[in-house]
Amino acid sequence: MKKIETNYKTTVEFYDLDPMNVVWHGNYIKYLEAARCDMLEKLGYTYDDMRIEKSAYPVAKMEMKFIKSAVFKQKLNVKTTLEELEPAMVIKYVITDDETGKKLFQAKSMQIRVDIETGETVYKASKTFLKKVEDFKE
Amino acid sequence: MKKIETNYKTTVEFYDLDPMNVVWHGNYIKYLEAARCDMLEKLGYTYDDMRIEKSAYPVAKMEMKFIKSAVFKQKLNVKTTLEELEPAMVIKYVITDDETGKKLFQAKSMQIRVDIETGETVYKASKTFLKKVEDFKE
Amino acid sequence: MKKIETNYKTTVEFYDLDPMNVVWHGNYIKYLEAARCDMLEKLGYTYDDMRIEKSAYPVAKMEMKFIKSAVFKQKLNVKTTLEELEPAMVIKYVITDDETGKKLFQAKSMQIRVDIETGETVYKASKTFLKKVEDFKE
Amino acid sequence: MKKIETNYKTTVEFYDLDPMNVVWHGNYIKYLEAARCDMLEKLGYTYDDMRIEKSAYPVAKMEMKFIKSAVFKQKLNVKTTLEELEPAMVIKYVITDDETGKKLFQAKSMQIRVDIETGETVYKASKTFLKKVEDFKE
């Protein structure tokens, strides 16, 4: 499968900070989700398309490495790479300071396709999804 | 209508704190929701019962007054008073330090009954809900 | 005092949704905070400037009216109006659908200036803050 | 080092749910943090003690496995095991349904001791912390 790479920009808001004046570690998952949705939108295969195909992609695994804490108003880039779609969707994420390029965080998620009617795992991606990946141009 | 008063206990967790080392102001809404759900559970009229009656009670208005900031590990009591059910559900909340009784926060919410099939506002509470309120013993 | 009006754009993310598939009511407070910080940035008087002047502006009151629920990926505009700075900072917010202009939500917050060294309330705004407001051009 | 095991009970609240009517995957991190703070409290070595020793323990790595989604009002048990303190604090977590014992989620976190004055990593735990672990009785 062709790898897809997209970049999502965000800015640290006050409500994401903790008493150490840095982003609370659990809030990085929000940046990852926003970046993933952004990638799916750019691919043209969104949550709505999944629903039409009676699929959902719940997160099954997540690994995160916290390198340097992000701070208030810092501009972040989340580089998001779709690595695999079968047997499961594997995505890698690297968050950097958008100005200096300094690496702050990295993660990897695995999401499993589930048939929302039967609840069963599906080890294949849909033809539509695979075609969108093949046709993707940055 | 008989007024109902219940008390919900909670403890401030680290993830609710902001850089000033106090509960971030937006997080009080979570305490209010948990206290409201607790009151409905004690009444015996939960979200499931609402759904069976094809009702939902979205929040229409909320007023909050922040008196003194809650801090890490502080034990809180949320006194929750159901004031009205018709034409809308009105609830008052007072958050105090559970040990000293000192008042930290107060709020008032108004929730409107909506028919989940037609989307229309319903200005009456269901007979079941009203009966549960009448039968309530603390 | 001259009134200041700014507009802040945001998009509804998946993590802000609740089981009704709309923005959970407590999450609007995050949009308000982001809009407020954006206004202060445009004014040139940020949290850092407050800290230099030994001031903080904790939220003392908040009133919210929920008119129509925002949905996934909806583009929102938060029109933010600084109404008063003395004796307290009063801000009004109107959230509309950024495309149709339809009103979804409105709120009003009151924040009180506090001297971070003594903890005392200050009923005057700093000269710097007042000047920034006077000099503001949209 | 002696392993420490504690159990923390919590209940799923409405505000933790997502549009699939299950706990949003990012919210499990809150349960882990609450369980960790609960373990430190039972050990008698809290965030305050860390601060006195000029230490902080930021999360450096986190691995999570989502097995079965938790639902509204489900009672959860978070079994928390302190595996290592040197060279870094390693904790394992297993979340089960508190009634059936069914496993829903597991995770592992690594936190690194940092000297809050110099910002440098410290590969040893403090004598106080190690003694608290040795003296711990469930």
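We call the chains A, B, C and D, going by the order they appear; numbering starts again at 1 in every chain.
As a working rule, a contact is a pair of C-beta atoms (placed from the backbone, for glycine too) under 8 Å apart; a residue touches a chain by one contact, two chains touch by 3 or more.
Just so it is clear, the model here is predicted, and its values are computed rather than measured.
Trainee: Name the chain pair with more contacting C-beta pairs, choosing from A-B and B-C.
Mentor: Per the contact counts, B-C leads.
Trainee: Just grab the chain with the largest centre-to-centre distance to subunit B, centres being mean Cα coordinates.
Mentor: The chain lying farthest from subunit B is A.
Trainee: Using mean C-alpha positions as chain centres, tell me how far subunit A is from subunit B in Å, no decimals.
Mentor: Distance between chain centres, rounded to whole Å: 35 Å.
Trainee: Between subunit B and subunit C, tell me the centre distance in angstrom, where each centre is the average of that chain's C-alpha atoms.
Mentor: 25
Trainee: Give me the residues of subunit D that touch two or more other chains.
Mentor: Only 14-15, 20, 26, 29-30, 33, 72 qualify.
Trainee: Which of the residues in subunit A come into contact with subunit D in the complex?
Mentor: 20, 25-26, 29-30, 33, 56, 58-66, 69
Trainee: Hey, which residues of subunit C end up touching subunit A in the complex?
Mentor: 13-15, 29-30, 33-34, 37, 41, 47, 72-73
Trainee: Quick one: which bits of subunit D touch subunit C in the complex? Just the residue numbers, please.
Mentor: By the definition above, subunit D touches subunit C via 14-15, 17-21, 24, 26, 72.
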